[in-house]
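Lettered A, B, C and D in written order, each chain numbered from 1.
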Amino acid sequence: MQLGMIGLGRMGGNIVRRLLGKGHECVVYDQSMAQVGALAEHGATGASSLEALIGELSTPRAVWVMLPAGAATEETIQQLSALLDPGDILIDGGNSFWKDDVRRARELAEKGIYYIDVGTSGGVWGRERGYCLMIGGDKPAVDHLDPIFAALAPGQGSIARTKRPADADPRPEQGYMHCGPSGSGHFVKMVHNGIEYGLMQAFAEGFDIMRHADSPLLPEEHRFSLNLPDIAEVWRRGSVVSSWLLDLTALALAEDPALDHYQGSVADSGEGRWTINAAIEEAVPADVLSAALYVRFRSRQDHTFAEKLLSAMRHQFGGHVETPKG
Amino acid sequence: MQLGMIGLGRMGGNIVRRLLGKGHECVVYDQSMAQVGALAEHGATGASSLEALIGELSTPRAVWVMLPAGAATEETIQQLSALLDPGDILIDGGNSFWKDDVRRARELAEKGIYYIDVGTSGGVWGRERGYCLMIGGDKPAVDHLDPIFAALAPGQGSIARTKRPADADPRPEQGYMHCGPSGSGHFVKMVHNGIEYGLMQAFAEGFDIMRHADSPLLPEEHRFSLNLPDIAEVWRRGSVVSSWLLDLTALALAEDPALDHYQGSVADSGEGRWTINAAIEEAVPADVLSAALYVRFRSRQDHTFAEKLLSAMRHQFGGHVETPKG
Amino acid sequence: MQLGMIGLGRMGGNIVRRLLGKGHECVVYDQSMAQVGALAEHGATGASSLEALIGELSTPRAVWVMLPAGAATEETIQQLSALLDPGDILIDGGNSFWKDDVRRARELAEKGIYYIDVGTSGGVWGRERGYCLMIGGDKPAVDHLDPIFAALAPGQGSIARTKRPADADPRPEQGYMHCGPSGSGHFVKMVHNGIEYGLMQAFAEGFDIMRHADSPLLPEEHRFSLNLPDIAEVWRRGSVVSSWLLDLTALALAEDPALDHYQGSVADSGEGRWTINAAIEEAVPADVLSAALYVRFRSRQDHTFAEKLLSAMRHQFGGHVETPKG
Amino acid sequence: MQLGMIGLGRMGGNIVRRLLGKGHECVVYDQSMAQVGALAEHGATGASSLEALIGELSTPRAVWVMLPAGAATEETIQQLSALLDPGDILIDGGNSFWKDDVRRARELAEKGIYYIDVGTSGGVWGRERGYCLMIGGDKPAVDHLDPIFAALAPGQGSIARTKRPADADPRPEQGYMHCGPSGSGHFVKMVHNGIEYGLMQAFAEGFDIMRHADSPLLPEEHRFSLNLPDIAEVWRRGSVVSSWLLDLTALALAEDPALDHYQGSVADSGEGRWTINAAIEEAVPADVLSAALYVRFRSRQDHTFAEKLLSAMRHQFGGHVETPKG
């Protein structure tokens, strides 16, 4: 099947490589012609502009946009909306805000263009392992693109099968899913990332507690010096916490047991934030997911103004002088 | 190898079955003679009292206590301490508080008896999958029992190997680990369970947000009716959140998509609580692990006194009348 | 000074009463003519429609809208926007979302109408104690209305004076403040309410811990039966936690020490939610304010779906049967 | 009345000064003879040793220990226990762990010595404002010391009276309270401090959100530059959040609006931690109080190991390079 890909960064480029490897035909464009050239060498058809890319595709066209969420994606979609014809399919595979999908789908529908939002999980591992795809949009367009989605998804693999009802959709077992109307793919991906933050933070706190098991704050008989790489490794087998994030933790700790190569300044993307906004809109308590987000906010500052105010209040009521760090 | 097992509940009984299946010899005791009989049918040697069990074992004896943490375990260990000889090994495989291990090891060492604490993860699945074992205690005793631990552990399995240093301990890759001196096994297991609470709560909040994606609180164009069993299933493949807890979530949702068979009153064991105590002793922030624990406390009450006080304050300052549940 | 008031509920009615008592002239309108009549008896001029109210006011008119935030306020402001003349001042004293203020001010400025947002704290106590006013909007309009704001504010009272710079604005010491451009009044009020949630929750948790100081979960020698009304009372004097919310707590506990008259189902207004949204937009950690909000969400449900999922996972991995509430 | 005071630091010294000012007689001891001399100039009787202090007091003696909680207090109490006679009263006015009080009271009771634990709130302001006292111990001893407690307490002052039952204990309205048996005074003080942390953190987060209301992360039309000293000041009058901690916030911000003189490294005492331990023992959710404690833990570190692990996981799964602080 033929697919146009716009944006050939880490994600877009690997998606194209995977599709080419599975026998699909890709027309590719990126602001960087070097990226275009690199993929042309793998068998993709390079295009030097959006217009050129559109021109290379047979109708109904399928164009996948894989750009940073926000302005870059929005502008490209606006441009494409002027270039595409009724019946064409526009796919946003990035991390867009799901409410933007709802709006775009409505606007594009007026022109007869299908809009598909795809939440894509898998990171740099996806090219080989496959990408878990969460797809939102109209059924005809989603069904039309099935060969693309099936090629990108990891497939059933060796994962133990769940006993599912006879009439259950078979696609989730292959690693891709039609979640519902436009926006629902990115909504599910958003919550996925929100959960990811929570899972990461749970591991992070637990390993921090074990790292400080030899703290001088503890009585000597209660101190342990624990081997964190071994602990991550042993938990990978038979324990309740075994998970891909634990696998990655084991990899990281095997390379660098004290994690000295990391500073601990942790970025967050929009999806963690939007998950909290969604929880609040729905009045659903989200203590863990919020705490995980706030740790990241905090990690990027030397000291918060909040902490200074605590020190100031303590100084006012008790004449307390600040404790030095240490 | 020969092992005495005291306590033949879900965990103790399955451990014996796994050991018997691997060719080990087990002498078993339980308050319930029916349990003893059941295992005798599988090839274990039944004993009708602690004394009888001790009598059946060759020295140096190895006795595994697998009872509920707290009074039951403590009393049994005190009784065994009077029956065992120097050189014997006493194993507590339950969920004891690690500071109790430190004390017991010190007391038993005075009598020349080894004390080994084993944190055992695997639940009802362990008999087949094997148990992830976190072991604390003196090296000679831990090494002596290696055949038992190796038989109980899951082994390397098909899990992708981490690139570990050449001199790394091979046991963690087999699913068991000597964590350090007495208490360290239960300490690591404690943190494991603390993390488990956090992971579970992260999934729980995320699925709750997706469950309410069709909330009437949202504008109609922003509502989705999401298929939660399919989402759990699709995330098992290629996504960042794939994990054993997600596998279990998929199983549960496939059986009962609305979880109508569950009330939502969630128990907690000592280990979640002790993890927070440890964090506080070490001055390590544990926002997510604490929040996960508090959700369980809250889940077992109709309303907290705290909530009543909020209502009372609102009534006092604003004349607010309470919102009915809904 | 002359003021038109639209909305004669608990807040609007008391504001009018306070203004009349201070010698100001009020023209009042409400959907309920009974409310209009009641205030007319106190000396207000009643109006039977928005148009009639506008007709009674001399230019430049000042019209205060005191309606529930959301649709009611928005519609009334749209209607007034068509009735008012350039130079007139429209005041929203309710709990509107501050971004709506920014938009409305921009729209009304195009017609030459001033828009003032006033965050009003004081609840049912405000009529006597005065209202703490946080005001956003253009300086000329805010200055013009100074006699109204001064009359509504509590004044300096007997509160110990802070040593402030010589050039400090004197109005905050009188209990009202011009916070900045349109939206800033409601922004400050929003954060005020966010803080209020946090303060309330801190007291609520502390009293809950004291309420359960005689819990059977504790060893007998560690149980206390504490007199909560006395504790609230004693803390009002000389302690670090003395505050108006503690005063209200003391009132509530004196009337009903076990708070049996309260169910504990706690409403939340938009302002607590918007505070969290603002924190997230600014990347400021807000652990306490978020937790306080989530307690309220949780308090209005019997059980969350999240809790059911926890039970379901526990059932899957350990065969655990749920603990009954108790 | 006569009182012995051991420990003449900020708290002990001011307590003595207040008692002397109210006509009581104080015999004082401190490791620093300079402190003893300073108070002797105010009219106290100086003692050069514990023995000398005991020798100066008439029986039944009353000895108040005002030392840092922990080893210093424990050792002094052990020494005094050997020096005192049956019928004497030993008072611990510091921030001792309440379970230590329970133990000490039991041990001292065997010798016929009364043990009284007094939680003392008021900080450096207490000398003038009076101290809020939370007292635990046997009624005869507490009643005997009533003149001392009444002199230290703030008294009724100008605080609006709560309508209390006719048979209510009058002491709480004077600012002191007999909370119950030994340990209960420090238990109530512990929770008081736990609440204090929560209140402080609620203000801190709110002011942090307002401080960043002009964040470049916000669209320009949504940015405000807010005057924090004025906001603290205006809220002191008529608002729901008015409180002593807000008064202190106003003082601090008036002196230093950007809080540039504070680093934000915030100490915590045992009481915040023990409050969480108590909540966990009682299975009471304490989200806000825990979060407030963790912020302090975090504030004293450059980066947590947890944050480094987050960075490490992100690097592993997405090839993410860390965001620099900013």
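Keep this in mind: a contact is a pair of C-beta atoms (placed from the backbone, for glycine too) under 8 Å apart; a residue touches a chain by one contact, two chains touch by 3 or more.
According to UniProt, the chain labels map to these proteins: A, B, C, D = 6-phosphogluconate dehydrogenase.
Just so you know, these numbers come straight off a predicted model, no measurement behind them.
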item	value
Most distant chain from chain B by Cα centroid	C
Interface with more contacting C-beta pairs, comparing C-D to B-C	C-D
Distance between the centres, which are taken as Cα means, of chain C and chain B, whole angstrom	46
Gap in Å, rounded to a whole number, between the CA centres of chain D and chain B	39
Chain C and chain D, separation of their C-alpha mean positions in angstrom	31
Where chain C touches two or more other chains, by residue	123, 201, 203, 205, 208, 212, 240, 244-245, 251, 283-287, 291, 294-295, 298, 300, 304, 306, 317
Touch list for chain C against partner chain B, complex	10, 123-125, 200-201, 203-205, 207-208, 211-212, 244-245, 248-249, 251-253, 256, 259, 262-267, 287, 291, 295-296, 298-320, 322-326
Of chain C, residues touching chain D in the complex	99, 102, 106, 121-123, 126, 129-134, 153-160, 162-165, 168-169, 171-177, 179-181, 183-184, 187-188, 191-199, 201-203, 205-206, 208-210, 212-213, 215, 217-218, 221-222, 224-227, 229-231, 233-247, 250-251, 254-255, 275, 278-279, 281-289, 291-292, 294-295
Residue ranges of chain A touching chain C (in the complex, touch as defined)	240, 273, 276-277, 280, 283-287, 290-291, 293-295, 297-298, 300, 304, 306, 317
